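Notes for the one structure printed next.
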Amino acid sequence: MNTIFYIAGAIALLSSILAITNRNAIHALLYLILSLLSISVIFYILGAPFIAALEVIVYAGAIMVLFIFVVMMLNIGLEEELENKWLKPRMWILPSIIAAILLANLIYALRVLEHQTVTPQIIQPKQIGISLFTTYLLAVELSAILLLAGIIGAYHIGKQKKKIIHRFLKK
Amino acid sequence: MEYIFIIAGVLLIVLTIAAGLIWVERRLLALWQDRYGPNRVGPFGLFQVLADMIKIFFKEDWIPPFADKAVFVIAPGILMISILLTFAIIPFTDSFFVLDSNIGLLFFLGNSSLGVYSIVLGGWASNNKYSLLGSIRASAQMLTYEVFMGLSLMGVVMMSDSFNLREIVEAQRGMWFVFPQFIGFVVFLIAGVAETHRTPFDIPEAEGELVAGYHSEYSGMKFGMFFVGEYLGVTLISTLIVTLFFGGWLGPSFLPPAFWFFFKTAFFICFFVLLRASLPRPRYDQLMDFGWKILLPLVLLNILVTGAIILYLQ
Amino acid sequence: MVTVSLEVQILFAGLLFLIGLVGLLVRRNIIFMLMSIEIMLNSAGLVFVIAGSHWAQADGQVMFIFILTVAAAEVSVGLALILQMYHHFKTLDADALNTLRDKNER
Amino acid sequence: MTAYIPFIPAIPLLSSLIIILFGRILSKKIVAFLGVGSVSLSAIITIIAGINFISSTPENGSYTVTVWNWLTTGGFSANIAFSVDALSLIFCFVITFVGALIHLYSVEFMDHDEGFARFFAYMNLFVSSMLILVLADNLLLMYLGWEGVGLCSYLLIGFWYKEPENGYAARKAFIVTRVGDTAMIIGLFLLFINLGTLNINELMQQASLKWAVSSPLAILSAALLLGGALGKSAQLPLQTWLPDAMAGPSPVSALIHAATMVTAGVYLIARTHVLFALAPAVQAAVAVIGAATLIIAGFSALTQHDFKRVLAYSTISQIGYMFLALGVGAWSAAVFHFMIHAFFKALLFLGAGAVIHLLHHEHDMFKMGGLWKKLPIIFITFLIGSASLAALPLISAGFYSKDAILWFAWSSTNGSKWLWLAAYFGAFITSIYTFRMIFVTFFGEAKTEPTHKPGKLMTIPLVVLAIISLIGGFIELPENFGHFQIFSRFLSTTLPSVQLAGESHNELLFQILSAIASLLGIYLAYLLYFKKSSFAESFSNSQLANFFYKGWQFDWLYDKVFVKPLVWLSEINKNDFVDKIYTAIAKATEFLNSLLSRTQQGRLRWYVMVLTAGVVIILTFMLNL
C-alpha cells in the first residue's frame, strides 16, 4: 500500500507541475485531471473512499469539465507563442524563492511530528453523513446558500448581452 | 488467480455481448421498422459482426494532421476504460463479481462522469467545427444528466442503506425497488439513455446536422472503440437498471441466478433498441429544458418524499 | 493500509500546495491561475483528510466536502467572469485587467 | 379629567398636517373649516380646562399630563408632558381665543390668495407650537415650541415669498431671534448641567435650594434665558426684526407679532420667575431694558408712515411695559397687560389689516383719511382698540393694565422713580402716536376710496375683540377702585404677588397722573394732526424724525458693528489662511498616496505576489520566534 501511495503521490506532483508549466490549456487541464485522479487514489488508501469518489465525481468529473467547456467555448489553447512570451524564465525566480522559503518553513514546522506513522481507519460514508447533518448542519445550510449564490452569480455574470441588434432597434 | 479469471470472464462476456449487440440491434431495428437487417453473412447474418470487425481492424488508422494527436488518440480509450471499469462493481450473481465495494454506486457515477472526457476531448482534438460543436453539446448534456442520474439513485440508496450494489440487490428480496422508486427508475432510465447518448438523446453525434459530431474525424479501430463503447454503455446501463431496480440476479429458483440477471438485462437492451427504433430526436434546447425544468425537480421531490416516508416508517 | 509517516503525507500536500502557488504567481493566463488555485484548494483538502484519517474522525472529510462546495461555487463564478473578461478584453492576460489602476502614475 | 389637555395643541397640529398633506386637493371651504375649527375646538377645550381648573384648583397650583416619554439618555430624560397652571391657562386662552378670531378673520382676508391652504397650515402649526410652548412642563419641550413658533414666524413673514424684500424680512427675523435663541439654549445647557433636570417645577425648586441669591450661576443662567426672551419679544437690543416682520399678512402680524409669539419672552420670564428672583441684577436689567425699549419704540412709532409699522413699534413698546412689570416683580401685572394687549393689539392689527385690505393694499397712513364715514364699524372698533392702547381712563381695558404697571414701577420694592418716569413718559407718547394714527387715517379728507365694505367674517372678530378691549379691564381693578382682583387671585397660585415698598403713596394720585398723560397725548395729537399744525409738518421733515423713523438707526448700527466687520473679515480671509494647514495636510497625504499608488498598478499577479510574500514573512517570523 505504501508503494501505491508513493506512486500516486509522484504522479500527482509530476502532473501538477506539468499542469502549471504546460502551454496548452487543454493539455494542462488533462494533467490536472490526472493529478486529481491520483490524489483520489491517495484518498482511497487513506481510508476515505467516499471522499475519493467525490473527488472523482465532483472535482475531476464536474469542475474540470466546466474548465474544459470554457476553454473549448473560448476556442483557445493553441497560443503557444503568446504563452512563450508570457512565460519568460526569469519569471520563475521570485515565486520559486517564495515557495522555497515556505517549504523550508513547512519542513521546519513538520519536525514536531517526529515520524509519527498513521494507521488509517476506513471512515464510512454514513459517518460523514451523520456528522454533516448533526454537527455541521449549519455549515451545510450555509454551503447551500453559497451554492445558490454561485449559481445565480454565474448565471448573471456569464450572461451575454446581445451585441447584434436588429437595425430597427438601433438608434 | 481466481481473481484474474473472474476479471477475464467478465471482460469476455461483456465485450462479446457488446459486439453481439451490433448484430442484435440491426436485426431488431429491421424487425421493428419493417425492413431487412444484415442477412447475407452466415446464418441470419450472424457473421456480420465478424466481417465488420475484420474491416475495422484493417482500415487505415488515420489521424488528421490538424488534430491534437495525443488527445486524439487518448480520447476513445477513456471511454472504453471508464465503462469497462464500471463493470467491476456489477454483481452478476451472488458470487460472480469483481469488486464488492462499499462505494460501488459512487464508483459508477465517478466513472460515468469521467466518460464525458472521451467525447469532449475527442471532439476538441479533431479540430473540426462540427466535432467541437458536438463535444460542447455532449459536455453540456452529460453534465446535466449526470446531476440527476446521481440524484435519482439516492432513493435507492436511502432504501437499501448502502452504496454497495450487492447489498442493494439483497435489499430487494422483498420487493423490487422499481415499485417504491418508480420515479427514480424512470429518471434513471432517461438519464441513462442520455449518458450513452443514444437516440433520442444522440444530439452530440446528430448525423443530420453535425455529420456524426464528435467522432466524424475518427476511423479504424479508434472509431471502433467509440462504436463498441456505445454498446458497452447500453449494456452497462441495462445491468445497472436490473441491479438497482429489478432485483439483479434474484428470481424464482428453478433457474440459476445468472440466467435471471442476463434475462432481465437482455430485456432492457431490447428496450433501448426499441427506443431507438421508435422515437425521434428532440431539439437541443428542448433536451436541456426537459432535464433542468422537469427531471431535476421531479428527482428532488422523489428524494424528499422517500426520505420523509423512511423517517415516518422508522 | 498506508503506513507512510504523517510527516511525509503532509509534506506531500505541502509540495502540492507550493506547486499551485508557484503556478499562481508565474502564470499570466487567467485560466491557469484559476487552475493553480484549484490545485491549492485540493491540497488544503488533502491535509484535512490526512488529519481526519490520523485521528480517525469524520470531521476532516466533512471539511473536504465544504472545500469542494467552495471550489464549485468559486469555479462557476470564476469561469463566468473569465468568459466576460474574454468578451470584454479579447484576451486572457490577467495583467490586462488593470483599468482600475491609477492612470496618473506610471 | 386631565386627559384632554394634550388635545389642545394636538388638534391644530393634526389639522395643520392634514392641510399640508392634502391642501392641494381640499377645497377652500374644507381648509377654512379645518383651520378655524381646529383652533376653535382648542379654545373650547381650553375654556373647559379653565373651568375645571378654577372649580378644583390643585394644591400646588398645577397639574401635569404626561403623554409619553420623549427621550431618555444618560441622566437626562424629557417627557412630552403638559403642565397646566394659571399662567399657562391664561396664555392658552389668549392664544386659542384670539387665534380662533384671527383665523376666522383670515378666511375672508386671505380669500383670494393662492396660498390659502398654505396659510392655514402655517397658522395652525403656529398655534400648535405656541400651545406646546406655553403648556410644556420641561424647558426642552418648551424650546421645541419656541423654535416651532420661530419657524412659523419665518414662514409667515415670508408668506408672499415672491417679493424679495419679504424673504429678506423673514430671514432677518429668523436670524435676529436666533441670536437670542442661541443664548437661551446655552442657558438650558447651563441649567441642566448644574441642576440636572429641565423639568420646570423641579428646576425652580432645585435652583432655589442650590443657588444663593445673586450667585454667579444664577445670574448667568437668568441672563442667558433673558437673552432668549429679548430676541423673541423684540426688546432692546434685538428689536430690529419686528417692524420688518410686518411684511407678512395682517392676521399674521395680529396673531404672531402682536398677540402671542412676541410675548413668549414675557411668558418665559414669568415661568422662570424663581430664577430671576435669584438674580436681582438681571431682574433689574429686565426692568431697565423694558423701560428703555418702551421709550425708544414709542418715539419710532411717532414718526412712522406705514400703518402697520406704527403698530409694530407700538407692540415693541407695549412689550417693554410688560418687561418693566416683570423687572419690578409685578408678575401678574405683566401677564394682565399681556392679555389685554393681546386683545386690543390684535384688534388694532386686524382693523389696520382690514383698512389696508380694503384700500388696495395701501400701507401709507398719509394716503388714507376720512375713512370714519365709509368704514364705520372698522372705525369704531379701531377707536376702541386705540383707546385701550392709549390707556384712556376708566373705560378702556388698557388703562387698568397699564396703570397697574405704572403704579408698581413706582411702588414695588424693585421699582424706582426713574422707571416710573420712563413708563409715564412712554404712556404719554403712546397716546400721541395712537391718536396720530386715528386722526391721520380716519379723519381729514379722503384720499383713497375703499373698494367694498368688510364682510361678516372680518367684522365679527373686530367687534368681539373691541368688546373685550372695553370690558376686559374690569376683571382686575385697582385697590382704591373697588378692589376687584379676580385676575391676580387666579394667578396667585402660580406667581407671587408684588411686594410693595411702602404703603405711604397714594395710588389715586398716580391714576390721575396717568389719565392726564393719556388725555394730554390725545389733545396733542389732535392739535398736531387734526388741526394740521405746521409743527407736525416741520417735525416730520427733521433729522430727528428721520432718526426715529429709522428705528433709532439700530439697523445702521448693527450693519456697522456686526455685518461690515464680518464682511471685512471674510474678505481678508478670502483665501482661507486657516485652511492652509489643512491643505498642507491634504497635500502631504496626496504625496504619500502617490507613493502608495505606485504599488496599485492593477496587476493581479503583483498583488498575489505581495500578499504571498507578506504571509510568508509573517509565517517565518511566527515559526522562528
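For clarity, chains are labelled A, B, C and D in written order, and residue numbers in each chain start from 1.
Throughout what follows, a contact is a pair of C-beta atoms (placed from the backbone, for glycine too) under 8 Å apart; a residue touches a chain by one contact, two chains touch by 3 or more.
On a predicted model such as this, the values are computed, not experimentally measured, just so you know.
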| item | value |
| --- | --- |
| Chain ID, smallest distance between chain and overall C-alpha centroids | C |
| A-B or A-D, whichever has more C-beta pairs in contact | A-B |
| Between chain D and chain B, distance of the C-alpha-averaged centres to the nearest whole Å | 96 |
| Chain centre separation in whole Å, for chain C relative to chain B (CA means) | 34 |
| Chain centre separation (chain A, chain B; CA means) in Å | 28 |
| Rounded Å distance, chain A centre to chain D centre (Cα mean) | 79 |
| Junction residues of chain C, two or more chains touched | 21, 25, 28 |
| Multi-partner residues of chain D (each touching 2 or more other chains) | 609, 612 |
| Residues within chain A bordering two or more other chains | 50, 54, 62, 66, 73, 94-95, 98, 102 |
| Sites on chain A touched by chain D in the complex | 94-95, 98, 101-102, 105, 108-109 |
| Chain A-facing residues of chain B, complex | 68, 70-71, 74, 101-103, 106-107, 109-111, 113-114, 116-117, 120-121, 124, 132, 135-136, 139-140, 142-143, 146, 150, 163 |
| Chain A residues touching chain C - in the complex, by the definition given at the top | 1-2, 4-6, 9, 12-13, 16-17, 19-20, 25, 28-29, 32, 35-36, 39, 42-43, 45-48, 50-51, 54, 58-59, 62-63, 66-67, 70-71, 73-74, 76, 83, 86-87, 91-92, 94-96, 98-99, 102-103, 106-107, 110, 113, 115-121, 123, 127-128, 130-132, 135-136, 139, 143, 146-147, 149-151, 153-158, 160 |
| Touch list for chain D against partner chain A, complex | 609, 612-613, 616, 619-620, 623-624 |
| Residues of chain A defined as touching chain B within the complex | 24, 26-27, 30, 33, 49-50, 52-54, 56-57, 60-62, 65-66, 68-69, 72-73, 75, 122, 124-125 |
